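Have a look at the structure below before the remarks.
Per-chain numbering from 1; labels A, B and C assigned in written order.
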Amino acid sequence: MHLGIFLEQVPDGNMAWWQMLASGLGWTLATAFFAWIMAFVLGSIVGVVRTTDNHWAVRIGDAYVELFRNIPLIVQFFIWYFVVPGLVLAVKRWVVTLDPTQHQFVTAVICLGFFTSARIAEQVRSGIQSLSRGQRNAGYALGLTQTQTYRFVLLPMAYRIIIPPLTSEIMNLIKNTAVAYSIGLVELFFRTREMAEMTFRYFDAFTAATVIYVVIALTANRVMALIERRLAVPGYITGGK
Amino acid sequence: MIGDLDFEVIGRSLPYLLRGLQYTVQLTVVAALGGTFFGTLLAMARLSSFRPVSLTAAGYVNLMRSVPLLLVIFWFYFLAPVIVQSVMGWERPPQIGAERSAYITFIMFEAAYFCEIMRAGIQSISKGQVGAAFALGLNYWQAMKLVILPQAFRNMLPVLLTQTIVLFQDVSLVSLLNVTDFVGASVKIAQRDSRVVEMYAFVAVVYFILCYSLSTLVKQLQRRIAIIH
Amino acid sequence: MSCISRLFLACIACTGLAFPSYAEELTGTLKKIKETGAITVGHRESSIPFSYLDDQQRPIGYAMDLCMKIVDAVKTELKMPDLKVNLQPVTSSNRIPLLQNGTIDLECGSTTNSVQRQQQVSFGPTYFVINVTAAVKKSSKINSLADLNGKTISTTSGTTSVPLLKTYEKTQNAEIKEIYGKDHAESFLLMADDRSAAFVMDDILLAGLIANSKSPAEYKIIPESLRQEPYSMMLRKDDPQFKSLVDKTISGVMKSGEIEKIYAKWFTSSVPPKGINLNFPMTPAIREAFKNPNDKGV
């Protein structure tokens, strides 16, 4: 490996290659961050809905999860990027006013947000259902409403239980941002390929990207483990899945 | 806008699309079988009491699981031939080609995921059974082959199949290497005939129907197997 | 890692470092072809009319015709009439690594012979000369390259247009936003779909894409040039035997006048799949390239 290549200037640009990769990493993390917030909120709502007693709500929640789980991610990207603006004139009118980078970013966040939310919904549902029925009944017996039971009894435990699967969802999400390269988002994988193509240093560029992804994965893992320990309820084993 | 759509493009290019779908299915099946085979070996290596073996296997699995599949696909496609050449000391890089490269990539990549499933499967078998097998005079390989692995497979079958459905979807990423899988075929038709909306919507519907039916089947299977415990 | 990396770099240049003064012992690509009994030709899928897929998804085009001349010459040279010809689709961004890693032996498409690329690969004689320019919608009110300032344009990743645009932006102080398509068809679609105001690419490819689009009358090509570039087939570097075979064969086609027929077939007659005539007669630069075959890059 010749590390010097990373200090070399991008032809006709104002940056060195390492800065180019760093900016790609920035887009990767920003995309993953916003998509995660969206996925967490939507996934929690859908997951909770699927554990309620309302049959219709459960069915809609199930359909939501099945829809986003049974279509390949790259096809979902094409749907959001090409099909939705192609079918809905209002969306089309809006996206052509956007800066292309903004458009790609928004599309990637929405696409990954929905995709990941279905997976989180599944985790939230199984987390809540893994709690004994007695907890829910205890909540009702105390005079709590359904909302209050979820808010103060079920969800705090369920979230703790599902921290390990959520950790792998975060890591999946970060890895999945690479697919956004298919719509031209200038994230880490896009920049890696660009560097390889322009300098012909495929080995160096791909090695750098691999190292960066591994470091992200390790960091995400550590951070989540720390959160898990911080939030542990004394005397209650969490993460024993 | 809607009136502008022309779904006939699908009918016209159906044979080409079906050939793409056939490749997708083929690649999925081969990668699932190969991945299960190597994944099982990896799982046994990970559970080995000989540290260098278990650490190497763990390192491989963790590496594969922390990088995006796309990056792995590109590694294999562009660099595997030259790496093989330099390791083997051959005069020229082996000619692998996009489609064969895809087979190798997916087997190697899925092995890491199937390894984790099989590891859980092997660990789900009680220690007593292992002891019993050894007491009967079986050696390690016999105990694995005759006692542990058949049960581990059985217990893990639904999970293995679910992972295979995920794999079936992931295979679509090879379209970015210009391989004509189902997605690749539809992208080419979509761009040639400027029928992006129709083609991509069609692909999404087909995948949904296939994956949803398969996962429903797996769920039924799971219910039947579950009684055994 | 550094060891593998060095080996990797070494083997890029390894295919034929020996200089055979006598054509008795085969080296490089010819040796490979002889031993494996097959040659793999890399082709494009939407570089009309150089190298693209017809209705049966078979690669055809001007560059493919020329490459088949080389394949024939290889058959004769190696006395292998049954030589197997594999066809491998490539894109702008993977053609060079695939040539280097031995996946393809010869690339027949619309590749600019550039000095930068010559450090990685080798080129046959120039068989076409293009101008890099932009295709726009007639309704867009863009009439010159200067009008692109402040607009979003699409181009294909891995092409020479990418660095060219960046230089243009810098020297002209222009503010241009780029979207990258993975292949020309996608980049064109981005423009046709109003995602970008213009598609910056080689004039002849733009003409081919426009002619094959749903409504050719909607688009026009800006009559300006960012740069003139020679096209040629790509082969591995440091492979003198194969290179001289390629040069000999193609210069032969050019000098014998056979090129006129092949040129006319693809540029001034109707071509598949839609039977459109591109009406692109030989320019002085192309005529010059045929008269004095050369592999000079830009």
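We take it that contacts are C-beta pairs under 8 Å (C-beta built on N, C-alpha and C of every residue); 3 or more make two chains touch, one makes a residue touch a chain.
Keep in mind that what you see is a predicted model, and the values were worked out from it rather than measured.
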Pair joined by the larger number of C-beta contacts - B-C, A-B: A-B
Centre-most chain [mean C-alpha coordinates]: B
Inter-chain centre distance, subunit A versus subunit C - centres from mean C-alpha coordinates, in Å: 39
Inter-centroid spacing, subunit C versus subunit B (mean Cα positions, whole Å): 35
Centroid distance [mean C-alpha coordinates] between subunit B and subunit A, Å: 22
Overlap residues in subunit C, where contacts from two or more other chains coincide: 4, 8, 97, 182, 193
Set of subunit A residues in contact with two or more other chains: 86, 182, 193, 196, 202-203
Per-residue multi-chain contacts in subunit B, two or more chains: 78-79, 176, 196
Contacting residues of subunit A [partner subunit B, same complex]: 66-67, 69-76, 78-79, 82-83, 86-89, 171, 175-179, 181-182, 189, 192-193, 196, 202-203, 206, 209-210, 213-214, 216-218
Residues on subunit A engaged by subunit C in the complex (per definition of touch): 1-2, 11-13, 86, 92, 95-96, 99-101, 103-104, 182, 184, 193-194, 196-198, 200, 202-204, 207
Residues of subunit C defined as touching subunit B within the complex: 4, 7-8, 10-12, 14-15, 32, 36, 40, 45-46, 53, 57, 86, 88-91, 94, 97-98, 100-103, 182-183, 185-186, 189, 192-193, 213-214
Sites on subunit B touched by subunit C in the complex: 16, 77-79, 81-83, 85-87, 91-98, 176-178, 180, 188, 191-192, 194, 196
Subunit B - residues contacting subunit A, complex: 1-2, 62-63, 65-71, 74-75, 78-79, 169-170, 172-173, 175-176, 183, 196-197, 200-201, 203-204, 207-208, 211-212, 215
